[in-house]
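First the structure, which I've put down as structure tokens, then a few questions once you've had a look.
Letters are used for the chains, namely A, B, C and D, taken in the order the chains are written, and counting of residues starts over at 1 for each.
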Amino acid sequence: MIKAGIIGSTGYAGAELTRILLGHKNVEIKWLSSKSYTGQAYASVYQNMFELIDEKCVDDNMEDLAKQADVIFTATPQGYLASILKEEILSQVKIIDLSADYRIKDVSIYEKWYQIPHKSPQFIKEAVYGLCEINREQISQARLVANPGCYTTCSILTAYPLVKEGLIDADSLIIDAKSGASGAGRGAKVSNLFCEVNENIKAYGVAAHRHTPEIEEQLGYAAGKEIKVNFTPHLVPMNRGILVTEYAHLTKKVSYEEVKAVYDSYYAAEKFIRVLEKDVFPETKWVEGSNFVDINFKIDERTGRIILVGALDNLVKGAAGQAAQNMNLMFGEPEAEGLLFAPAFP
Amino acid sequence: MIKAGIIGSTGYAGAELTRILLGHKNVEIKWLSSKSYTGQAYASVYQNMFELIDEKCVDDNMEDLAKQADVIFTATPQGYLASILKEEILSQVKIIDLSADYRIKDVSIYEKWYQIPHKSPQFIKEAVYGLCEINREQISQARLVANPGCYTTCSILTAYPLVKEGLIDADSLIIDAKSGASGAGRGAKVSNLFCEVNENIKAYGVAAHRHTPEIEEQLGYAAGKEIKVNFTPHLVPMNRGILVTEYAHLTKKVSYEEVKAVYDSYYAAEKFIRVLEKDVFPETKWVEGSNFVDINFKIDERTGRIILVGALDNLVKGAAGQAAQNMNLMFGEPEAEGLLFAPAFP
Amino acid sequence: MIKAGIIGSTGYAGAELTRILLGHKNVEIKWLSSKSYTGQAYASVYQNMFELIDEKCVDDNMEDLAKQADVIFTATPQGYLASILKEEILSQVKIIDLSADYRIKDVSIYEKWYQIPHKSPQFIKEAVYGLCEINREQISQARLVANPGCYTTCSILTAYPLVKEGLIDADSLIIDAKSGASGAGRGAKVSNLFCEVNENIKAYGVAAHRHTPEIEEQLGYAAGKEIKVNFTPHLVPMNRGILVTEYAHLTKKVSYEEVKAVYDSYYAAEKFIRVLEKDVFPETKWVEGSNFVDINFKIDERTGRIILVGALDNLVKGAAGQAAQNMNLMFGEPEAEGLLFAPAFP
Amino acid sequence: MIKAGIIGSTGYAGAELTRILLGHKNVEIKWLSSKSYTGQAYASVYQNMFELIDEKCVDDNMEDLAKQADVIFTATPQGYLASILKEEILSQVKIIDLSADYRIKDVSIYEKWYQIPHKSPQFIKEAVYGLCEINREQISQARLVANPGCYTTCSILTAYPLVKEGLIDADSLIIDAKSGASGAGRGAKVSNLFCEVNENIKAYGVAAHRHTPEIEEQLGYAAGKEIKVNFTPHLVPMNRGILVTEYAHLTKKVSYEEVKAVYDSYYAAEKFIRVLEKDVFPETKWVEGSNFVDINFKIDERTGRIILVGALDNLVKGAAGQAAQNMNLMFGEPEAEGLLFAPAFP
């Protein structure tokens, strides 16, 4: 049994992780911590867990908690983990961080986009970017995994094979992303109220969203050079789901079959990536509640561009599911263990 | 392995049943039938099942299909099963019917409320009403189970202990029910369009809904007499979930603790019924995607009434989940096998 | 021109009132006050008003503001107006209060249900309950109008003629009410977040909601005696709209035509009350954005009860529209002036 | 009084037009036609119009109906108007066509994208493209106006000044559009059911949507050359609203102030176009129910692109409101008559 602890277990991502680990046959949840709800029954914060979780939320003294667990998940605000991480902790316990603290290798870029100083840059180099399908080997050896962002996972996986194979000009990439409201978290803000989100769609973080450098870094590795992309997130009136629509110039004339073959060469064996059939485009509802990423593409000969569409559940493959997948890799479990639930419809 | 077939597998209830049986470790789905989509890949009708179900939908010749299965689920329109059921079929295969054909013991009441003649009344007596928590023993011996309606399951289980114990006057019972749109099925009707349902709530079937006699019959058994209730369903702009708010006169002055003790004596050992803590009232979101029924109550001393609130997922405990639970009982599987998934939030 | 000021203009009700008065040809808005947004451009708080309202929100020194206006609307938290109202103010300006401070004649009942002391009980007797269709005459003479609650307006108008004519036993009345989320206001609370409200329905304030005594008082006047009712509100995932479903025992056997005639005798001449055609039941979408109340009923001979259904837009007839209607009455304007917009669909 | 008739008055756009004309002080609606509901009371099809519209829907014999009206609006399927239009009709009555029949000047492009033969190409040249802010003069002289599409109006107006002034490379334009479900009409299709649209977002018509050539033609006029753009529509779970996010290469280095000045030079005097303040991006909720288009932009120096965002209500400025605005221009009414309602929030 893998003994797991979750810091920040009462945010939406933390709660989803709790639910997923609860259904994992080789995981024992040792403690659930929450700054906001310390001392309260977990099930009083998430009544869906009534009679399923009897424990109370504990405070988050990581040094103490580290002694009881094999792995700690941190679903915490930016900067939190960086402010408390020490070698002493990492030498006792593996850490999967759902925040952005160790995702970006260049500290100055992190500090510029996140507008906070990085408190423990010494661990950045060691941290492995936890995009399972791409960094599988390193993840399995890692002590510290930086679990990718929700927009990022979807954006990167959708374009990765084409960038890697040089089929598209990475600098021409425009990513128009749409997300459900759970991505904004459970904080009480006017802008997240039902009446503000419902019956509305808006762009936000235009040319300024923090997931931009993460996408650029990872796709830059694939491209073999520094790249700059446009990334625009939108808030959609639904609970879960991310859809990305990506536009890029093809570097040469290619057929549907050639592009499909490239995708298949990367993803045909992947359990959690489904490249859909011709002219069937991803919908977030088809992956809701699952760890799948659905992907497809369309060549537009009129403009010489290719349009890519990807979809995932932001709380599962975009957060908690991928975190559990990383855990499986790190502890030698079958990679899909505890994650093979089918999407529900409707 | 239990070999299962589903007739009507492309309606919402049939699709949910398909999803649930797919995750059941002792069930093998032998075929999926669909009148509307015969010959088409199941996953082209429900793209969430892409790469999970490769089969095509078959036509529904029940006599042929019966030879391949141990149990047949019929998620079909009213009157369909009654029109084709024969002893020859029932002697080969167990049947769990998600339609209303065998729910009501008095044919004349069935024919009055459903406005169709019953084509095989000879099987009505044998059919067991598949409300697992109440008829567990008979279900385990049955060849033919009438799986209860979604509104009905929620309405009955919420009031059952109090009616059975005579704590409320069953004739004073008023059931105000609210349902998500999946209860209306996948048929293409103007009234079910997004723009008609969204941002709207309405009552329908006022004093005339077909689930009324089913509730009256079952709670009448509990009361030991014929009863008449008011039942009013409402359509709520959400996909899943039923909430019932029930009002009844208390037959005597009782305390919270006394009523709670009655509920506990019936439900404390039930895996899928959760009586919530004092003053915590059920919300459909807390049971979404699960087989749970959540229940609570409030005594109003000012009016001498008690208010009961119950919630379930209409496609799970209100249809497919309960059907699978019935199957488990009929085949000697652990009752909760394949049904122990936690509700997701949000 | 009627010079109007709005205190609490940045809540949802205050904003709707601002929008309605903006379209009223004989009203000039003199100032908009807001505690939370003092000094900010109104249109920066409600961007829908960009280029339509250029003013900034002012602080709410009522004594100063009273000098500039003929009428003040207070869309403020419970207890606020009661804490500052003085004869000096009332002698200068008429007041229409959208809070509950002067709705209930018995101070002890107010203090019991609202759990706050009443700071200016001396004005309670003078205040007129602003249900236009019932208290039209007194409203036209009033200095201080207590604008009814949203649930209350719908609940009372739906049952009023039958209670007044003694056709139903008022003590048997059960009101099951459903509201959109704007009724909960614009305060930043976790329970009002999109992901908490969306895809969910719940009861709240069971046997304890503050609108109960208001309904009991007003329908008690109609019944000519003190009455007790059950009132249960529910939160529905939509922005606007209230639907009430009411159940009561008929005091004698009556026909559809007899009940219809009673409704018509009260409401046929009312511009904002529509008694629908037989068997057509109100839906909130049909009144959205308008000042209408839609009503219908169904006699259930099986149980001897009648089921009443009423619908309105909680921000219009349930708050701001009714406030404007009261203003029209108080200032001798045509009662429907500025309120004759048709409901939009979808 | 302008005597108006509406063909196709029971679709969503026709119904919105009916509602808008009902509130126009100089319009008298002479008849409402509907193929699907001929002979039925209009208010039984749209219950929101109960007691507001007493007429029944008539059949659509255009030749007869033309005699009774000054203007006919056709909110009909593609090809319908083209199949019946004759000089005889046009010599009696002005026509505003909400379908695509006369929007595209090149018949072969129309026939290629719409896959139907054009039955009356002789009127194409005469027809004026009814984008009021751009073709105001010609519209005021026209007998036949081709009312623009919803996506098109938003896409064009958002980019027009920058294309016209050569600030962006029109061939680099990528338009990622998001629409509410009312754009899909009131036809009963599975894909438009509540449970299919709700909690879901999808792209459709990828690289193949019919509004593409309309955008290319109109922006081509502005660019002074033929252009090709990418246009991808998405379906968003909300009733109304279109948001477009557009990406283009700047042709030279420009400042925020310079771009803003360009927009202002085109739109500052326009009543229905609001260029928002710096860094405030349009949201569909802010224009809902109004005839406004909200627009803003962001220069991304990192990539050399500019991101434009536009929003409108697809049924108002995207259909019925613009049709009424065109009517005002054609009949010498003040252009904004009957259209000056403020957006409602929430």
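The working rule: contacts are C-beta pairs under 8 Å (C-beta built on N, C-alpha and C of every residue); 3 or more make two chains touch, one makes a residue touch a chain.
Just so it is clear, the structure is predicted and the values come from calculations on it, not from any experiment.
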Per Cα centroids, the chain farthest from subunit A: C
Fraction-based call for subunit D against subunit C, same above half, different below: same
Where subunit B and subunit D are represented by their mean Cα positions, the distance between them in whole Å: 46
Whole-Å gap between the CA centroids of subunit C and subunit D: 37
Inter-chain centre distance, subunit B versus subunit C - centres from mean C-alpha coordinates, in Å: 38
Subunit A residues counted as touching two or more neighbouring chains: 12, 182, 195-196, 198-199, 237-240, 283, 285, 288, 346
List of subunit A residues in touch with subunit D within their complex: 171, 174, 176, 178, 180, 195-196, 198-204, 206-207, 228-230, 232, 234, 236-241, 243, 245, 247, 281-285, 288, 298-300, 302-303, 305, 307, 309, 346
Residues of subunit D defined as touching subunit B within the complex: 12, 181-182, 186, 188-190, 192-199, 237-239
Touching residues on subunit D, where the partner in the complex is subunit C: 12, 15-16, 19, 22-23, 46-52, 182, 199, 239-240, 274, 276-277, 280, 283, 285-290, 294, 341-346
